[in-house]
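In what comes next, subunit A is part of two complexes: it sits with subunit B in the first one and with subunit C in the second one.
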Partner chain A sequence: MASTYTPIATYTVASAQASYTFSSIPSTYTDLVLIGSCKSSAGSGSSYSLGMRFNGDAGTNYSSTYIIGSGSTATSGRSTSASYMMPAGTMAWSASSEFTPMIVNIPNYSNTTTYKTAIGRGSQTGAYVMGSVGLWRSTSAINSITVAPEFSLNFEAGSTFTLYGIKAA
Partner chain B sequence: MADTFVKIQTITVGPTGSTDINFSSIPSTYTDLKLVFSLRTTYTGAANQDISVFLNNNGSSYSYRQIYGTGNNVFSTYAASTPNAVADSNAATSNTFSNGEFYFPNYTSSNYKSYSIDQVIENNALNTNSYLIAGLWSNTAAINQISLQSGAYNFVQYSTATLYGIKNS
Partner chain C sequence: MLNSLVGIYGNGVPASTNSYESIQTVTVGAGGASSVDFTSIPSTYTHLQVRYINRSSSGSALSTFVRLNTDTSTANYSVHRLFGDGASVTAQGWGTGSFTAFVTGTTGGSDTANTFGVGIIDILDYANVNKYKTIRALGGYDANGSGQISLNSSTWLNTTAVNAIRLDSQNTFVQNSTFALYGIKA
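Here is the complex of A and B:
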């Protein structure tokens, strides 16, 4: 049977590090899915979002729109002309007992005609549940993905990331 | 290449109904689990019913944080209890079933089990909601059983749930 949901790469953080890059992503799939289970080096009570960049682009070419629930308040917000997108949610802080699930879908990632969109959600039971969409204003095919806690903190040891490719046929 | 997105089991409720949908003896050989469901119950007190979802037949150490919209308002709540799936009830528009999925990353790890729930009820009438939920089972055991329970009511015929295993290699 042909495999239609294929792991491209998986990574487990062994000791605190600022970011991780999936590089040399094949162009042969239709869509990408990134699954994370992560924690940042933030102090207790501070929740940082999963930041994402494509192809090493650190320019202000990203925007995000999100909905977020704190457990008492539901809000929505945006970031525009930013140096990274936030396509998922906030993650557990260093002392937390949980690693936060992150699920990000990146459809049609290898085309060279459209800007690239990522949609996802994060489930930090200790603080926030969040759904978000991010936009990279580039028509380039995505060949690398860099993730970081808003490119300002570290991932804690034990954080894991797996990138899957999905073929439409 | 070995299959990496594998159906473990599908349960479809028959004509006599059922008060529970149980996945037991879940293999430990995958990386993540995904449970996809479509549910309706015999409850008539409201157009939808909360469905308890227990892991390993364990009724304690759960919490969840959610954001949900009703079509004219949005809410966020937190509870130190089991996060629920949701089902259309027999008070809802006929032939409507809820739609949702649970995602359990790293379900065999020795960490607490964090998971995501996305679900919707749409029946072209009242009590139609869309949810994003962050769930946490504060237990270090590997997940080997998932049980959906409708309490004093039955899941009706054609309610279904499918459990998938996802491997990262």
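Here is the complex of A and C:
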């Protein structure tokens, strides 16, 4: 039986870099799943979220709604008309020994009828647990995904990202 | 791949099999659908997962109801959820007699065009006849100025193995709403 849940590509950051792009994503799957284990170059106490763009679009075509728990407080917020979405959560800061795990699901990424929505979870040990949903206001099929720490900092060495494709019957 | 070849041509271990399998997919057509059914679900998996995008024909910020084995009696379900709407966080719980299981974060006709809610529903140990069934979901939508993100957990107070899942809209799922059922083997 053909594989249903298939690894497409994986990348490990060798030295600090600003972003990474999964390109030439085949349209043959139903959903995409991005699993990350990552941290940013942020200083201690500063938490930056995983930012995501599709198809190289850096326009203000993204928005997000999130929920976050800090251990003492639960809050919900959003960003609108932004140049990236934040579909997972905040990342560990540079001095931490932790790499933040996060999972982002992008259902029906290759249809050309609906805007694209990503939903995910992340957790930064000792800081936050988050759930988030992001929107890209485009009906284009997704063929590339670019991730960056809010497109303003670097990923630290050792950060890893693996992209999977899920194929429905 | 090497393992597969050894299994076929030699006395090595058997070729690997998939542990995550697609069971059935339903995409709503032009006429819409008030509900989507997965029936005759085989008992041969360990867990089930439903992955979806959906939109209802009217309203805003809706929920999708989940009914197991045609059981629509609210007396047999309890629900909790933690959700955020971009401004505030709400934690809610309902004992039996209020709702069947549901997931939060379906868009409706009043929401921005082309925006669909998305979600993932997990039913672990669905075929175990010694346990009540827990339906866990992560769902939500964003419409650039509105939206919801929600963690939902529901219990079906029945030890019967799950053989059918119905997803009910609060009105009508529109065209291109898609629901995919997967089975996971241990």
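Here is the rule we go by: the second predicted complex is superposed on the first by the 169 of 169 C-alpha atoms of A that agree within 3 Å, B and C clash if a C-alpha of one lies under 4 Å from a C-alpha of the other, contacts with A are read in each partner's own complex, and residues count from 1 in each chain.
The definition used in the following text is that a contact is a pair of C-beta atoms (placed from the backbone, for glycine too) under 8 Å apart; a residue touches a chain by one contact, two chains touch by 3 or more.
Bear in mind that the values here come from a model prediction, so they are computed numbers and not experimental data.
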Fit or clash between subunit C and subunit B when superposed on subunit A: clash
Touching partner for A:S64 - first (subunit B), second (subunit C), both, neither: second
Which superposed partner A:G131 touches (first subunit B, second subunit C, both, neither): both
Partner chain(s) touched by A:D31 [first = subunit B, second = subunit C, both, neither]: second
Which superposed partner A:G158 touches (first subunit B, second subunit C, both, neither): first
Partner chain(s) touched by A:G77 [first = subunit B, second = subunit C, both, neither]: second
First (subunit B), second (subunit C), both or neither touched by A:N111: second
Which of subunit B and subunit C A:A169 touches, first, second, both or neither: second
First, second, both or neither for A:Y5, with subunit B first and subunit C second: both
First, second, both or neither for A:E98, with subunit B first and subunit C second: first
Where subunit A meets both subunit C and subunit B, residue numbers: 1, 3-5, 67, 74, 121, 131
Residues on subunit A engaged by subunit B in the complex (per definition of touch): 1, 3-7, 10, 35-37, 67-74, 92, 97-101, 103, 121-131, 158, 160, 162, 164
Residues of subunit B touching subunit A in the complex: 1-5, 31-32, 63-68, 74-78, 103, 105-106, 111-112, 114-118, 132-136, 138, 166-169
Touching residues on subunit C, where the partner in the complex is subunit A: 17-18, 20-25, 51-53, 82-89, 91, 105, 112, 114-120, 138-151, 176, 178, 180, 182
Residues on subunit A engaged by subunit C in the complex (per definition of touch): 1, 3-5, 30-31, 63-67, 74-78, 80-81, 85, 105, 107-108, 111, 113-115, 117-119, 121, 131-135, 137, 139, 166-169
